[in-house]
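Each in structure tokens, the structures are laid out below.
Both complexes shown next keep chain A, but they swap its partner, so chain B is in the first and chain C is in the second.
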Partner chain A sequence: MVRFVVRRLFFMALTFLVISLVTFFLMKAAPGSFLAMNVGVNGASFGADQYQVSPQVMQAIIRHYHLNQPWYFQWWGFVQGFITLHMGTSFEYPTTPTMTLIRQTFPVSLSLGLISVAVGLSVAIPFGIIAAVRTDTWVDSAAMLAAMTGTAIPSYVIAVFLILLFGVWFHIFPILGYQGPQYYVLPVLSLSIPMIGASSRYLRNSLIENLHSEYVIAIYARGGSLRQAIFGNALRNSLLPLITTVGPQLAALMMGTVFIEEMFGLPGMGHIFVNAAGRRDYPLIMDSALLYAVVIMLMNFLVDIVYGVLDPRIRKSGRMG
Partner chain B sequence: MDLVEIEGLRIRFDADGQVVYAVNGIDLTVAEGQVVGVVGESGSGKSVTVTSIPRLLPKTARCEGRVRFDGIDVLNASAAQMRAIRGRSVGMIFQNPLAYLNPTRTIGSQLMEPLLFHHLAGYQEARRRGLEMLERVGIQNPAARFDNYPFEFSGGMLQRVLIATALIAAPKLVIADEPTTSLDVTVQAQILRLLKTMQRDLKMSMIFVTHDLAVAAQVSDTIYVMYGGTVVEQLNAADLIRAHRHPYLAGLLDSLPRLDRPVGRLPFIPGLPVDTRQPLAGCPFFDRCGVHTDDCHTLPALTTVGPSHRVACWRVAGELVVTDPTAKAGGLSGCIPESL
Partner chain C sequence: MQAPSWTTAEARPSPGSARLRRSRTWRRFSKNRLSVIGLAFIVALVLSALLANQLTPYPPLAPNFLAIYQPPSWQHWLGTDALGRDMLSRVIYSLRNACIVGFGAEVVELTVGLLLGSTAGLIGGTVDTILMRVVDVVYGFPSFLFSIILVVMIGHTILAILIAVSATSWVGMARIVRSQVIQVRQSAYIEHARQMGASTWQTLVRYVLPNSMGPVLVAVTFGIPANMMSEAALSVVGLGIQPPTPDLGELIIIGQGSVLSYPYLLIWPALLFALTLLSFSFVGDGLRNVFDTKSGR
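The block that comes next holds the complex of A and B.
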């Protein structure tokens, strides 16, 4: 177990470096720069208010952000700043340290993601069980049709539909901004509906497979009922692999929050991420990309640890991954 | 009345338009305390037949005929009635013990289940009896092993656990479906001895399914030889070598390697097993039988040829009315050795 954790942490560090390099080069390869974009097009643009265009100031800014240094110096500057949590300020928000920005906005995104996973799983599990128990009946077909539809439609399309249904037609939930828990309902639904689809299908198939396996026949042979076969045995064995899908699901969800926050006007990190990319705000692009990478890797890591603890075959033999 | 009475049992599987005729009319009885061996090659319907007694066949199975266990009409009993029998009056032992145990639960928790499911004992009592049972089937240090998981056991040990599980509620009948097939030979012998001892001590009936004639002869009182979903011969285990009559059984016995004969190529039964996708027309052994006649196009019934000895073969049945002893010598020589 300890060996697994150490190995895993090592690979996470390696992945982190690779992601930072790839992000850095892609970012540099994108045409235009923050200064050029906001200064060159017309002097009245947003950036020009903050940056006087005189060559001296420009030089000062370039020096301040180390833009005249070789690439590896710049790259390491970003990575080091991120690791030590001394990220400095970004182009776009020169007066607010990036750390403060993250502290203000990231909790919104993370809670949106986590709540969506929680809602998704707590709906998907009963859905999957019902469909598995009623295999090949109309209940099963209806549940799986709903699941397939949910999976096939992207979350931002579902979001539009939900806005129409609950916001415009029925006036049940607010559709823009963030002033209380009810503002979370539609964003969470838009994110969790695709996940409900995928997870309930996964659980259904895995549960059906387990219910047809020999050890379940053995439970019947000992006088057990379907209920005992499912809740004492098959469900647990199907939930174990489901847990492993939660990691990737969460990664997809976190990316989904980027769209969803824009659509529902939530003050989350995704909004900042998108803006930073659009405006070539180098420090902010690097910091947000690395933050998302670290969060997703950590979640996957946690999921694997939980799996290892729950499955006796792995827990006892100590072999993982 | 016998503990198990199967009459005219037919089982077919219907899956997506593909029909498999697995069992084509079987009569089988098991008396109290008796050990019945069911022998046959794969696909002969032996497992399907015995699995129908606790009604554990998959949903696609269609059964006709009559199966009575302990006075209960199994094929028409309610689900609750069947649950009340399983694990309590009928114990089952399966071929591959690892597959028949839940990998994520301790063997102890699965071992106690027959007692807990049927409310025969509380948890503490069930645990005590579970430990006792593990000891009885030869598990060293049962208290430590109780909370181990199946993957921590060897195949032979797991089969012992499965036997303990099947017998913990002291059932009237234990069905052992190829219990030794997946084990190596030395372990096989231990498991056989254990099963036989337990059966005697607990005064149970047992149905022992195997494809191994020698194993069947060792443990059973009576042997049913199955072919193509029918019983072709039923005889006392003691008569197996001396008095067998059916050409199929003769062929099987012939193909066993023997130490008292010069070493050479072993004889075998030519041809392929029955195609179970077709309904049975005539004797299932027709294509492979060296002595078939025109009569064999209709299915022969089991005919009594001696005390607790029945054969389903037109040739054998026909001979019973043949008075001239020389008439039979031709075709059947080699099939039926010295016994006639």
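The block that comes next holds the complex of A and C.
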């Protein structure tokens, strides 16, 4: 187990460095820079007026971000700032430290993602069990058709139908803004429905497979009921592999929050990132990309650890994958 | 090779003629009626994309200020938008863009995936390890963020979006090809071909690739709608194809802006997009039935 954790941590560090390098070079290669956008003809800074940034401050920013230094220096500046949580300020919000920005917006995105996963799993598990028990009846077909629709259609299209249904035709939930828990309902639903689809289908198939395995037949032979077979053994054996699918889905969900925030007008990190990308706000692009990467990697890591702890084969032998 | 050589299970020389084999493939595919409907829808979609110029009743960019916000009617089947542009034409053109990116990016992914996957699978050893570590690292990328940064860097043309969409998604294809190649490579007939003196390249092109096409084809069918989703998602956050050119994501965002007054602007693009994606998914399931007889569904 320890060896596995160390190996994974090493891999995460490597991926983190590669991501930071690639992002850095893409940013540098992008045409136009924030400084060029702001320092106009004859050194007169028309853009700077717009953002209330004076040339002196521009010079300060250039010095602050080492923009006149060699690339590895600049790159390391970003990475170091990120790791030590002293990210300084971004170009676009020169008075607000990036850390404050993240603290204000990232909880919105993260809670959106986590709530959606929780809702998704708690609906998908009963759904999958019912479909597996009633195989090839209309319940199963309906559940699987719903699952397929959920997996095939991205969250932002599901959001459209939810907006139409609950916001326009029935006026149940608000469709834009962020003023209370009811503003979370539609975003969470649109993020969790694809996950419900994928997870319930996965659980159903693996549960059916387990219910036809020999140890379940042995339970029947000893006079056990279907209920005992499912809740005694089969479900536990099917839930384990389901956990491995949660990691990638969490990653997809965190990415999904980017456009769900955009659609529902939630003040999350995704919005900040998209704006920063459009405006070539290097520090903010770098910091938010790294933040998303780290969060996604951490989530995958945690899921793997949980899996290792839960699976007795791995817990005892300490080996994995 | 006139026979569909990708029928993995039947690749052994069987008494059945090529036609018989083909009809068996079709029978397995059409067992699920939804797959057939999906295939028909995709054919219609591709045709309408190819014939978009002839098919659309109005030019998609031409405004008509005497007919703004028209509800669906015989003149404008899907109504008109804020500038009086015909929604049907705009939806057809945006589906065409989705097709270009969807199929185009898949071609890129398939090429890269086949090259890297078969290299890693065939040569093995250190090359395999290095390539797969690269794949692992790219797999860890937050792909959508990466696409966003790429689009910002290269621009908002359809080609740039195509590159951005395929930049990280070739990874899955490389993995599938590699595992298939490794699996097929160990089979007896490959050994046979080797012993008969076939070179590595010959075995790859003549035997290994044709016999590992099944799962690859299934992955392609699921990859195309995934590309379409990423393409539209870029437009949803305002970084896709530039506005006057119609795009599904943009139609959805604009439609959402006036959803309380003109819901039909939102319904039709979203519905057609959803149907397109579902069709691919149904066809993919049908193909899975053809190639994989083990798992029923």
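Just so we're on the same page, the second predicted complex is superposed on the first by the 297 of 321 C-alpha atoms of A that agree within 3 Å, B and C clash if a C-alpha of one lies under 4 Å from a C-alpha of the other, contacts with A are read in each partner's own complex, and residues count from 1 in each chain.
One rule holds for everything that comes next: a residue touches a chain if its C-beta (ideal position, glycine included) is under 8 Å from a C-beta of that chain, and two chains touch if they have at least 3 such contacts.
Just so it is clear, the structure is predicted and the values come from calculations on it, not from any experiment.
S.K.: Can A:A131 be said to touch chain B (first), chain C (second), both, or neither?
M.R.: neither
S.K.: In this superposed model, does chain C or chain B come into contact with more residues of chain A?
M.R.: Comparing touch counts on chain A for chain B and chain C gives C.
S.K.: Figure out whether A:L250 sits in contact with chain B (first) or chain C (second), or with both, or with neither.
M.R.: In the superposition, A:L250 contacts neither chain B nor chain C.
S.K.: Taking the superposition on A as described, I'd like to know which of chain B and chain C A:V258 touches: first, second, both or neither.
M.R.: second
S.K.: Of the partners chain B and chain C, which touch A:R236 in the superposed model: first, second, both, neither?
M.R.: It touches chain B, and chain C stays clear.
S.K.: If you stack the two complexes on chain A, which partner ends up touching A:L284: first (chain B), second (chain C), both, or neither?
M.R.: A:L284 contacts neither chain B nor chain C.
S.K.: Using the touch definition from the top, say if A:M299 reaches chain B (first), chain C (second), both or neither.
M.R.: Touch partners of A:M299: none, neither chain B nor chain C.
S.K.: For A:V108 in the superposed arrangement: first (chain B), second (chain C), both or neither?
M.R.: neither
S.K.: Chain B touches which residues of chain A in the complex?
M.R.: Chain A residues touching chain B: 212-215, 217-225, 228, 232-233, 236-237, 240, 311-313, 316-317.
S.K.: Using the touch definition from the top, list the residues of chain C that touch chain A in their complex.
M.R.: For chain C paired with chain A, touching residues are 136-137, 140-146, 148-150, 152-153, 155, 225, 229, 232-233, 236-239, 249, 252-253, 255-256, 259-260, 263, 266-267, 270, 273-274, 277-278, 280-282, 285, 295, 297.
S.K.: Note which residues of chain A are touching chain C in the complex, please.
M.R.: Within the complex, chain A touches chain C at residues 11-12, 14-15, 18-19, 22-23, 26-27, 29-31, 144, 148-149, 151-154, 156-157, 160-161, 163-164, 167-168, 175, 205, 251, 254-255, 258-259, 262-263, 270, 273-274, 277-278, 280, 285, 289, 292-293, 296-297, 300.
S.K.: If we count contacts the way the header does, which residues on chain B are in touch with chain A in the complex?
M.R.: It comes out as residues 54, 56, 58, 83-88, 90-92, 94, 96, 99-106, 110, 113-114, 117-118, 149, 151-152, 165.
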